[in-house]
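Residue numbering begins at 1 within each chain, and the chains themselves are lettered A, B, C and D in the order written.
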Amino acid sequence: MDECTFEVGLRWRDLDHQGHVYHATVLTLLDEARTEWFRASIGIASPDEYVVARVTIDYRGEITRADDRIIVTFGMDRVGTTSLTTREVARAPDGRLLAEAAITAVLWDRTSHRPRSLLPQERGDASRFVRSDEDDLG
Amino acid sequence: MDECTFEVGLRWRDLDHQGHVYHATVLTLLDEARTEWFRASIGIASPDEYVVARVTIDYRGEITRADDRIIVTFGMDRVGTTSLTTREVARAPDGRLLAEAAITAVLWDRTSHRPRSLLPQERGDASRFVRSDEDDLG
Amino acid sequence: MDECTFEVGLRWRDLDHQGHVYHATVLTLLDEARTEWFRASIGIASPDEYVVARVTIDYRGEITRADDRIIVTFGMDRVGTTSLTTREVARAPDGRLLAEAAITAVLWDRTSHRPRSLLPQERGDASRFVRSDEDDLG
Amino acid sequence: MDECTFEVGLRWRDLDHQGHVYHATVLTLLDEARTEWFRASIGIASPDEYVVARVTIDYRGEITRADDRIIVTFGMDRVGTTSLTTREVARAPDGRLLAEAAITAVLWDRTSHRPRSLLPQERGDASRFVRSDEDDLG
């Protein structure tokens, strides 16, 4: 199984009134890192090519201004016919666990506004990140 | 079991490049509606009083500019010692299902930066929204 | 001269770490109110129809969570060939002055990615909001 | 006169429905770069230490996803008793002019919620960025 790690720099405006990164903004940060991963590893060049269908996220630690960036490690839980389900772990530069998430992304045909099937090349590239024998159930 | 329904108006900037409300922004909208619910029904006056520990959300339909607002119906899945787990269903004004979410909010002591126990009044108010006999497991 | 007034509800996430609405977010709020004004009064139905070319804004007072909404009064400084320059005054529900801004919006042809001329109907509708004899200089 | 240049990476969510960075978001990007400048050069460590009192910005070119970051060059227009007025020029990596802005930041005492005077060290550091003899008028 391959894994990939990407960093995202924080902005001051990511903080909310409580002084930590707002919970919804964490999804924006993961999205940004995932975009880099999809582009570099699976040939999906832009978030325009998919829609997010499902998110599960556990917030494990506060992300504060002292963390200038987060580091996200990606694996794949499942490669479906039209969807990818990722496994995403965000850590602070000091290694502190910040969040664990699973995202289901559905490949999207922007002209028909409907899901599209993964291309063979995309399937192959995505499957390299699947753990053990969990591939190809859908 | 009680339920509560609150509306949140959309903004043009909630749309992303794909023309629907960005997936992370949907959490901001739910947060806004939940804040009204918590204030009106449970006596938790501000998002400053809790942190979001866990989110599960299924996106069921695109929220577009044609939807000037969303309507969120809230129930409670579980009332814990220091946490509330909600059940949140967002619909368009025309009744179209948009998203279903569960949020675990941990009550937060802002001076000690630690979880705090629900007050008896808060427990009582929150329990009115729990379905059947699922209350008070934690 | 006509004037128009529109309200925009605040969200908790509009606050920044300092506890007041973030200065860039104030522009988002004005944009939202202006969209209503343009749609209701000038027949410009969506922010997709123009780009913002210039902003001047003076922040006159803190917008806090105690202000559940802002109230924006709009007038027109200038109606150009391809642009509108507005005059925007934001107040709190208690009448407190919050911000004064002038925005130059350039009408935009989305297919050619170039400015377009105001339609005669748009010019006429926009000119009703111009003070005295400042109209039609461009 | 000194100048300083800082970069800010773009995020996909900075784009609006029109496909370029939303006009209000450009202020967030400038704010992020300015924070780095203030910290590195003037000893103002955080945006919590000042409030933005006035913004003038001219948008000179579209910022699109093809621009992975913007590059902001900072100078100082004026060093006042309690305020700094900056001169900010944003360019794309290919040198294309994107925006020109002037921001008035008022140093802010967070405990009293009132402006505070610049410290002598801050005045000295800030004055190095002032053009010619425009310093110290306020």
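Operating definition for what follows: contacts are C-beta pairs under 8 Å (C-beta built on N, C-alpha and C of every residue); 3 or more make two chains touch, one makes a residue touch a chain.
Keep in mind that what you see is a predicted model, and the values were worked out from it rather than measured.
Engineer: More C-beta pairs touching across which pair, A-D or A-B?
Structural biologist: A-B
Engineer: Computing the C-alpha centre of each chain, which chain sits at the greatest distance from chain D?
Structural biologist: Chain centre farthest from chain D's centre: B.
Engineer: Measuring centre to centre with CA averages, how many angstrom lie between chain A and chain D?
Structural biologist: 31
Engineer: Can you compute the centre-to-centre distance for chain A and chain B, using the mean CA position of each chain? Integer Å is fine.
Structural biologist: The separation of the two C-alpha centroids amounts to 23 Å.
Engineer: For chain D, give me the residues that contact two or more of the other chains.
Structural biologist: Expected reply: 12-13, 16-17, 22, 24, 28, 31, 47, 65.
Engineer: Hey, how would you classify the chain contact layout here, line, ring, star, complete or other?
Structural biologist: Shape of the chain contacts: complete, all pairs touching.
Engineer: Quick one: which bits of chain C touch chain D in the complex? Just the residue numbers, please.
Structural biologist: Answer in residue numbers: 16-18, 20, 22-25, 27-28, 31, 47-48, 51-59, 62, 108, 110.
Engineer: In the complex formed with chain B, which residues of chain C make contact?
Structural biologist: 8-9, 11-13, 28, 31-32, 35, 46-47, 65
Engineer: Hey, which residues of chain A end up touching chain C in the complex?
Structural biologist: 12-13, 15-17, 19, 22, 24, 65
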